[in-house]
Structures are given as structure tokens and as C-alpha cells.
Amino acid sequence: MRSDGRQVNELRAVQLDTDYLKHPEGSVLISMGDTKVICTASIEERVPPFMRGQGKGWITAEYSMLPRATEQRTIRESSKGKVTGRTMEIQRLIGRSLRTILDLDQLGERTIWIDCDVIQADGGTRTASITGAFVALSIAVNKAVERGLIKSWPIKDYLAAVSVGVVPTHGEVLDLCYVEDAAAEVDMNVIMTGAHQFVELQGTGEEATFSREQLNQLLDLAEHGIDELISHQKTALGEISEKIDTYKKDE
Amino acid sequence: MRSDGRQVNELRAVQLDTDYLKHPEGSVLISMGDTKVICTASIEERVPPFMRGQGKGWITAEYSMLPRATEQRTIRESSKGKVTGRTMEIQRLIGRSLRTILDLDQLGERTIWIDCDVIQADGGTRTASITGAFVALSIAVNKAVERGLIKSWPIKDYLAAVSVGVVPTHGEVLDLCYVEDAAAEVDMNVIMTGAHQFVELQGTGEEATFSREQLNQLLDLAEHGIDELISHQKTALGEISEKIDTYKKDE
Amino acid sequence: MRSDGRQVNELRAVQLDTDYLKHPEGSVLISMGDTKVICTASIEERVPPFMRGQGKGWITAEYSMLPRATEQRTIRESSKGKVTGRTMEIQRLIGRSLRTILDLDQLGERTIWIDCDVIQADGGTRTASITGAFVALSIAVNKAVERGLIKSWPIKDYLAAVSVGVVPTHGEVLDLCYVEDAAAEVDMNVIMTGAHQFVELQGTGEEATFSREQLNQLLDLAEHGIDELISHQKTALGEISEKIDTYKKDE
Amino acid sequence: MRSDGRQVNELRAVQLDTDYLKHPEGSVLISMGDTKVICTASIEERVPPFMRGQGKGWITAEYSMLPRATEQRTIRESSKGKVTGRTMEIQRLIGRSLRTILDLDQLGERTIWIDCDVIQADGGTRTASITGAFVALSIAVNKAVERGLIKSWPIKDYLAAVSVGVVPTHGEVLDLCYVEDAAAEVDMNVIMTGAHQFVELQGTGEEATFSREQLNQLLDLAEHGIDELISHQKTALGEISEKIDTYKKDE
Amino acid sequence: MRSDGRQVNELRAVQLDTDYLKHPEGSVLISMGDTKVICTASIEERVPPFMRGQGKGWITAEYSMLPRATEQRTIRESSKGKVTGRTMEIQRLIGRSLRTILDLDQLGERTIWIDCDVIQADGGTRTASITGAFVALSIAVNKAVERGLIKSWPIKDYLAAVSVGVVPTHGEVLDLCYVEDAAAEVDMNVIMTGAHQFVELQGTGEEATFSREQLNQLLDLAEHGIDELISHQKTALGEISEKIDTYKKDE
Amino acid sequence: MRSDGRQVNELRAVQLDTDYLKHPEGSVLISMGDTKVICTASIEERVPPFMRGQGKGWITAEYSMLPRATEQRTIRESSKGKVTGRTMEIQRLIGRSLRTILDLDQLGERTIWIDCDVIQADGGTRTASITGAFVALSIAVNKAVERGLIKSWPIKDYLAAVSVGVVPTHGEVLDLCYVEDAAAEVDMNVIMTGAHQFVELQGTGEEATFSREQLNQLLDLAEHGIDELISHQKTALGEISEKIDTYKKDE
């Protein structure tokens, strides 16, 4: 049994509170155990300069943590006057992943801004951000489709993300909490579609290395976790999930 | 009746969810109607360089908004690489106000960081931040006193803040929501102690001016609002409020 | 008698040297005792992007101190690479105040830049800046009206600013010099029109608080000081002051 | 045959010019086809603040491109005043990878700075940087060991990196040049030790996705490429390579 | 006759108002025609980190212009968030020149800050800054010597600077005003000691070039101008100039 | 004999490797002894905003050093987030010098970017940059003329730069290497055309001064060095040099 009583292939408690905020077109508060992230999707009626005149849309993401989301208070990036390398990596990862399942041609010349703000951190904030961002995106897109702004349903498949890793006490495990993450020898983030296709795979030996055999065990755990997360997304999205399913069948 | 059905001297619904987050020494989610701010108090075991060696403490505040706390998405200050003038004004105001009711000599050489993060904005975010910050501060201080870090109770009195203003439709009103604030001719923030002493008074004619008579009416409304807010603070703080009351009696 | 021999309700020696510099459309060197500020008004034939196409003008202000305006040398903000919170607050205050008495609709699509550069500081630099800026503005506007650029006189009333405060040795006093300001328990800046209307009121308990009775005494002192400052402005502006008086009568 | 005449499992021409520069402790110019990177290793006799007093060393990396390393001139990051997200990702990746094969405990309190400056870019600059950095590091470490600064040989194994990907015309291929990289559906960087252990694995579907079967084919190609690169490293390092081999046998 | 009625070898009207400001150890307002610069010298009782522990002093300079010193308003460098290349060049030039005539060993571990703030610009602001800075420096040093802070007189010789140039209408001329400077084909700044030794020589063909013969004519004009400027410095410094003369004789 | 065995009027070994890089329109690796600089010229089909609509071109330069071009590692300017004053001075000098011999009217509305990247430094990097930049510029311009982009040959004369100085051991010397430069009492950079006209002359007494007689000796040495450098440029440019010679004859 792991430090919080879970099996090696068990996710933490997942909760998706949709329409958490009043102003954004789509919003959700995602909880994965004690990790809590507010994900919002905002639609802007123009694209960045490098995209203009192509008749298609864009999606971009920003990520941040409240200073006291963490055990020790973290200095605000606005106070430092710059965004850290870690934040940039995560922002680029979220945006890139969502672009894989979104048909930008269907959006028209508009930008979807994804904001992931971690209000409490206990490991796995970047994967929780992606899983939550998919839900916020789907709600915002659905509103735009219902209002006739977007002509044709543009979300091609589900998208979820989960961490797996190798920890000294239990070997390969799914969905690491902070204490596990801090002790892990190998840390891997897996982002997958509903069709079990990889979107992104990032594995790092933390001052250690890993064999191909270990890689395969980690990927098995990840696939299992992704399936469960997508099942939570379906429940949270309710009727909207039918539109995603329909798109997939049509293809 | 005002746009949201209130009387001119009526506050919006006030809610104070204490211990809202897991990591900070003190935390509260304050709601004033649709305005929601996460306020945390963090204790750091050192003071900034300019305070070292004096045997006393320091308190400082930071303020921020989630990008989609507002009707239109606001660009993050971390992305812009600098903190705006408005944010700096608010941060300085929160810190300065709290320093008035906190006996820094009793803290020892430690810093209390106040973080006010607006997750939803509907007018009055800076006054809500101060009212909430007082509660988070009291909880954090209480913990430090109970652990023996702080030897003697250092909070001298209650502190709350409220906005008042002159709006075209109803004249002088208490606790402006966003639509009122946008239309207001005069906008005033009043910060007061439990003993009805002014801590800060900031009145601005928004491309208009105001007479001394109007000033007096606005201050009457503010005193009334402050009394109600402090009553909410007492309820939220429970037994901790007795320590504040005792300090006041002793003096 | 105060440290410099003044009565509690007495201003320091006021001097307004108009047309102090050769290039700007309007300029004045204002001295309030040893506080000396060069105020200039520059007219630019365009407005900032957010104002374009509305057919009206804009006024904005910048404030700075020479490094050795102060007792101890202050690091330049250009060397630090950013403007401090204090400077931003003052700049915003100057601009906001002047917008109250200037009819932006009459300016046409042009911007007036106010620059207040403190060459010697002895307390009250922000209020001296506002009182001086009004004079520089009036001179620049008069030139533009005489050249036919601005069609109709746009300055609605006089505008002056003064500090008042509570000091340990003399209680409520008018126009604090630096040593008084450093010792003050309460510090208040009052900005008023010729018609005794408040434009801005900012009172701060400096690690102290103040009662409503004290507030009223401070406001009485301020009104008296404002009257004298406006009388100095009239003398300095000479014939230009008639145009301001005429506007007020017409209304 | 690929655009440059290679087989799908064939590396571009690899060249390692050691001691390319006069001042650095270790330096190499690595060429992978037309991609050319100057890699240097500099030894500094202190560690960053967060490492002090632990008796161990640190290694960190910086990466940059000459403005005209690319087809179109790129703006310098020094002119922009900030390092881009892409650069930060690469710098962190290089440093993290090298830390895996370097025994920091043996370094003593000193920092090794790795600088990778791309003077000509034709795809695969980050993997070439890592392969070259390993060589520069080994030369610098060898010098420090010979001078008695470092007491015991600290490099545990070889380290090389290579890109693999899926391109529309040839499916899975090894070591993508720029035109292949621009067209690739899947792009993966693999960093491995001489013992075929993964150090880092980063696979990205570029607006596409990939199956587990494709992943396996890509990894087979990568292992083959890594073997060849390490063989080039051994030749370039000459006698130094014996020390690495000895360390591995001893373990 | 030149545009302002001068002979080719004639300086503009020179004025040196010493002790212009109240706070700095040394200050002067220098006027060269319509060019006016406030020069101050401030003594700080420590040296920058790279100079510590050597028992000697340092001198450094900063230069700035008020936004409306110029015909067109210039954006503040503090607003831009960075110091321009032109300002850096001038600051480095002022500091380097003064270091030539100041014996840093005699200063003890203290820094002299020179601030040159142009309040009105009409050409030649950098040379006026140097000529004025020498006077402010001498006053500040004299005060420190009289107070016993500096043990032995450290200023070795006079220092002055002047511009010369080639203009289309009059050929080689001394001390260019702004309209001449804007039209000049060659622009040269000459910085010299009282002993006619060059400290710095900077000649630039402004989209033109110049022959060695022209160079010689320009240097003759410059020597003549420097002599006159030093004569003004002597008058302004009064008794202090005797100490400089004595140092020179002693050597 | 100097430290490296040269006569006082002898240049270091000069080498110009043209077409050193694949992508830029013009490129050269210039070596002056151990000083090595990659110079590139890039042509952009537009001019900066302040030049638009005038039908003429622009040329601008950037300069940088690899961190380990120097004996001690230098921090990257991109990491510091700003360009140093020294770099700005050099960049402005390179651009200004090249503008003297380039007829901007013949370029059409295009910008030539010169990049000088020092990969190894041993004194004289700024003069080597100018001498090399001239060659890269000529190659790039020649390509544009041959492609018909530039209608008429725009380079008016050769341009080269060299350092001269006064060193304690040998007096006046030509082309200082780093150890000489560090010990020099006087340091002068001379930039000249093929017709022996000065383009720029910058002489600095390094905490020393120099007489007019010394100046004349230094200029004689510089003229001699410039002649030799231009002879190297002619050889490197081959047939292109005929176009420069023809332009000069035509004039």
C-alpha cells in the first residue's frame, strides 16, 4: 500500500466541478486528490498576427500557481518580472497537446485561451491541468457552437494526461502525489487520446536511468489511468460528450 | 432599489470560508456577492534586509487577479513582465493598512506574507482583500502564538474595508458592485478599525468632484458597513476573536 | 512655532517661475520652501491607441526625482529598469486630478504630457507637482488656443493640492516639510478646485489612526491652504487667469 | 532513399573536432551533417548558493544560436531581453541529462558550465548539443583530474542523444535533418547511456498522434543511432575513453 | 559669422552656478549658451563589490535628460525600462575621463557619484556635463578634505571638454550648437587636462570622412576652447583652485 | 621584440575565410592572431519604421561574444536580460562606420544586418569585427547586385579598422593583443577608408593621458596597418574588389 493507501495502479480521487466561475466561456475546478487547478477557456474574436488571414483558429495556454499553492511560499513570476523555464515548458505542453485534438480549421479566426491556475499543489499539476483544460475547452466550444459562432463541431477526440513513475518503495506506480514525486527515480508524463494514441510522452530519469522493460510497464499503467480519467470527463461533460463521440464515429 | 435589489446602505452577501487551503498558515476565501478572493497568510522566519537586527517583524502583501476573474480576459502580469501601477497601489495599501493594527515588535524577526488572489471580480476587490486578509492574518498569528513562536498576542484591533460612492441613479451608496462602480461619479475606499478610527481614506472624483457634505454622507455609510463586516469577521474567527477583544480591553 | 518658524495654518514660501524652459509649450519652476519641481506641459498631435477616433483628447503625467534631490542619493529608476510603485501612484494621481478640470472634448485628438521633475525635495513633492502642473498646463493650453489649434477654452476651474497632517509636536498642521512629514502620525493630501470641491482625498494613518474629528480639522486647514495656492496661480498666470474665470462664470 | 540520400536508419556524417577553442577547459565543434555546434565546458571554483556547504558539485548548461545559424535571421535573445521558452527547455534538458552520468559527489564544490552555441543549424541541434557536450565535459574533467583538482574519476557512462521521427515519405527515420523535421508527424528525442538505459525520452505528435507500435520502431532506430554516436565519442576522446570504460567495469 | 553670431573659434556664453542644490556635497548648474546641465557630486562611504578591500576609491557617473530638455519630447528611459546605448556611452565617457585626473588611492574606500541631468539641450550636452562635473567634483572633494575624510588632496589637474566639428557653411568650428551639430559632417569631442594632455578624443565622420589635415585644425580649435573653459572653472572654484594648482606644482 | 615576437609596426597573422557559413548572404571568419570573429551580412527586404517610404536602405550591426571566447567565462547578455554598455558602443560603432562607405540610396528599401560573433578573443575584437564585416557586406551586396535586387554598385571605398596604443615596454605599437591591451596607457581605435580618410577615431587615456606628439606617432602606425588590412581584404574578395575599385575611379 502506498503512503496514501492506494494500489500501484490506482488514481487519486478525481473531481471535476464544471462552470466553477461566472465569467469564462468554459471553466472547471479539477481535483486530483489534494491537487486543485482552476481551468478556464476564453474565446477571443481574433488570432495572433502570425495566423491572420488563414481563416483558421488558434489555441494557446497559460499556467501559473498561487504563491501558497505549495508547501513553502513561491515567489510570484510577476514580481520576478519573468516567467520561469518550468512554467514555459508546461504552457507549451498544454497548448501543443490540445492542438492535436482540436480542428483549428473549424474555429474560424478566433483564439481560445486556456488558463490553468493551480490553487493547491500536491504533485501532478501539469497533467491535471491538461485533463481539466480539455473539459473547460469542450464547454466553451459547445457554447460557441450553440451560438452559431463555430459552424461545425471541432473536437476530434478526448484528451487526458497522467503521470507514472518509478518510486523506491513500490516500483512502477500510477499518478504520483508530491511525496512520491519527490522520491521518484523516474518520472513520466503521458498524454493520450480516447483512441489510445500518444500525443506526448516525456520520461525523465531523475539522476537515474530506466530500461526499456520499465518503460513498457509504465506505459501499461498510464493507459489504464487515461481510461479512467476519460470516463470522469464524460460524466462531467454530460450531453456534450455525445458530440465528441459522434465526431469520432463519423471519421 | 439598486440593480441587485439592495438598499443604499446594504452590503452584498458576505461569506468567509476559513482554512480554505491546506498549506498556508492562515487562509480564507472571502465572498462579497460575486467578488471572490483567496487570502492567505504565510510566515517566513526572517525579515527583509532593511529590517534586520532590529528584533521586530514585518508584514507585506501581494495582490493579483486570475486572467479570467474579469468579464474580459486580462493579460497576466507575469506575461507582461511587470506589475501594473494599479496592482502596486493595491499591494501597498493592503500592507500599510495591516501594519496599523499589528504590533510588529511582538512578531520577532519574521515576515508575514499576505497574498490576495482574486478568482472572480465584481467590484470592490481591494476592500474585500483587506477584510479577508485580516482574517487570514489572525488565523496564522494564532497558530504561531499557540506554537510559542510569537510570545505575546500582537493584533491590536479589528480591521475592515469597504467601498462607498456616488452613483447617478441612487446618490450615495454602500459597497458598489461592478456595474455601479463603472458608473460612479465618486469612488471612495474606507479602511477602519473596530474602534471607528480611520486607517486610510481614499476618495476620488472620477472625472467629477464632490462636496464636503457628500463626503460626510459617504463616511456615515462606510462606518455602518465596517461594523457589519467586523461582525462577520468575529463569527468566522470564533475563539480567536476573544484574543483580539482581550488585547483591546487591556490597553 | 514649527521647526521652520511657521504657524500651523501657514504655507511655506510659494514661488512660480513661469516659462522656465525654452522648448516646452508650457513650463514652470514651482518652489514650496526648499521643494522645487520643474513642471512642463507638452502637446502631442495624437492620442494613445485606446482613445483614437473619438474626436477627443487625453492628458497624462510623469513624475521623477533627480537622484540627488534627496538628502541621500536615490538610485535612478532608469538604472533599476523599472518605475517604483510610489512613482506610479503619483503619476496616476497627477493625471487623474488634471482630467477633472480639463474638458477633453475641446482638445481635439491630441495628448498633453505633463512632466514633473523634482530637482530638490523637502516634503510635499506630489502636491507641489499638481499645483505647478496646473500652471504649466494653462500656459500650454493658452498657446494652443491662441494658435487656433484648440477651438474653445477647455480649462473649467483652478486646481491645487496641499498636504496636511498630524504631527506629535503641533497636532494638525498645513503643508508639511520633510522633517514634519517623517514624524507625522497622519498624512493627508487634498486636491481641490477653485470652487472648493474635492477632486481627491488621500489620508493615511502612518502606523497610527485618526478620528473623524481630526479629519474635519485637517480638511479646514487644507481648504485654507488651497485658497492661498490658487491666489498664487492667478498672479503667475496673469491674463490667462481671466479665461479660466470666464469659463466658470459662463457655466 | 531520403532527401539527402541516406537510409532510414543512417546517421548524417558525424565529426568531432576536439580542443576547438583556446580558452575553455574542454571544447569541441560537433558536426552532424550541416548542423554545427561549438560545445565548451568551463570549470568554476564554486557552486550556486543553493548547493553551498554540501561538499558536492553542480553542472548547468546554456544554449544559444547565432542569429544567422538559421535560414532566416533570428533575433538575438539578448536584444529581446529574455530567453525564449524553447531555449530554456533545451538548456534544462542538457543540464539534466549530463547530471545523470556525472557523480556530483566527486566534483568537490565546483560548477561545470556547459555552453552549446549553434553556429549552423540543419535540424537536431539539441541532440547534437548533448552528444558534443559529453565530449567537452569529458575533456574538461580529465584535465581537472590530472591537475589533482578532482580526486576520483566522476563520469559513470557515455551519454549521447539522437532524434527519430515519422515522416510522410519514409515512415520511421533516424536523425532528421531540417526539411524532414519540418515535415515530421512525430518527433522524438532519445537520450541514452552506453548501457542502453534511457535518460530522457521526449516524443511529440506534431498535430498528429502515434501508436505504441510506432513508438517501438522509433526506439529501435534510436538505439542503433546512439551506438554509432558513442563509437564516434570514443574515437574523439582517445585515451580519456579508457577512464570511462574503467569506471563502468569497476561498478 | 555663425548662426548665433559667433566667430569660428568662439565659445558660447559659459556660466557656472556653484552650490546650486542644497543636498549634494558638490553641485553646479553649467550653462553653455542654451545648454543647461545640473551636475552633482555625491560621496558614498563604500565602494562597489569589485573594488572592496583595496583601500582605494571609485568614481562613477550617470547622465540623463529631462523629457522636455529637447525640442521634441523624449520618452523617459525609466518608462522604457532600459538605458539607451547613447546614454551608456556618455556615462562611461564621463566616469572614465574623471578617473584620469583623480587619484583614487587618496579617496579611501568611498565612491563619488557624478550625476549630470540636462534640463535644457542645445548641443554639446556631454562635453558641458564633463566640464560641469569637474567643478561639482572639486567642491565635493574639498568638503571631504576639510572634514578630514580624505587625507590628502586627490585632484591632479583641471579637466574640461569641448566639441569641435566641420560644418558645411563655415568649415572647422568650435563648440557646436544644436543646429550646427545637426548639419555637421564631422563631429569631435575633445577632453583635455590643464596641461594640454589628451584624456579622450572621439572623432566621427557623420556619413562623411575627414583628412589628417582637418584633424589638425580641429585639434587647434579644441585646445583654444579648453583653455577658456578651464579659466571659467578657476573663477567658479575660487580658493579651491589653489589646491589644484598646488598639487600640479608639487608633482 | 613584443611578447609575441612582433615588431612595433607589425600586424598579427590575418586570415579571412569567406563563405564560412551556409545560410547568410555574406559570411567570413576573420582571424587576427588568436582573435576570431564570425561576421555575417543578412539582407532583409524591408527597413525599420523610421526609414519607411524614403526609397533608401539601412544597415545595422550586432556584436556578441561566446561566453567562453574569453579567458574567464563571461555571463551571456541574454541571461542577464540586457545588453551591456560596452556591447552597445561597439554595435553602434560598427553600424556607423559601415554607413560611411555604403550608398544607402542605392540599396532600395532593404536592411542589411551585420552580425559579429566573437568565438575567441585575444584583443582587438571590435576592430577585427569591422574589418571582417566589410568583407561579409561586400559578398552579400555582390550577390544582391548579381541577382538584380540592387541596381547599382553601392560600396564607395574599402573600410578597415585597427587598434594602436602606448604600452609601457615598447611605447607606440600597432594591433595590440590582449596582454598588451591590458597593460596599455593609451588605447586608440582607428577606422579608415582606402583613401586614407578617417571614418572614426577613438583615443582613450587609460587612467593616463597622451600628448599631441604621441597622437601623431599612433596615427602613422595606424595608417600603415590599415593599408595592409585592405590588401588582405582585396585578396579575399577576389573579383568583387574590382567593383569597389571601379566605383572609386568613377567618382
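Just so it is clear, A, B, C, D, E and F label the chains in written order, and each chain counts residues from 1 on its own.
In the analysis below, a contact is a pair of C-beta atoms (placed from the backbone, for glycine too) under 8 Å apart; a residue touches a chain by one contact, two chains touch by 3 or more.
Given the structure is predicted, the values throughout are model-derived calculations rather than measurements.
Taking touch as defined above, what minimum step count separates chain C and chain D?
3
Setting chain C aside with everything else in place, what contact-connected groups do the chains form?
Remove chain C in thought and everything remains one piece.
So the centre of each chain is just the mean of its C-alpha atoms; given that, what is the distance between chain C and chain E in Å?
34
In angstrom, rounded to a whole number, how far apart do the mean CA points of chain B and chain F lie?
So the centroids are 61 Å from each other.
From the C-alpha centre of chain B to that of chain E, how far is it in Å?
About 52 Å, centre to centre.
Which positions in chain F are in touch with at least two other chains?
Answer for chain F, listing residues that touch two or more other chains: 81-82.
Name the ring's chains in order, please, starting from chain A and stepping to chain D first.
Cyclic order starting at chain A, direction chain D: A, D, F, E, C, B.
Touching residues of chain D toward chain F in the complex: what are they?
Listed in rising order, the residues are 21-24, 27, 34, 38, 40, 42, 44, 62, 64, 66-71, 73, 76-83, 87, 113, 115, 117, 119-120, 122.
Going by the contact rule at the top, pick out the chain A residues touching chain D in the complex.
That would be residues 82-86, 88-89, 91-92, 96, 99-100, 188, 193, 195-205, 207-212, 215, 219 of chain A.
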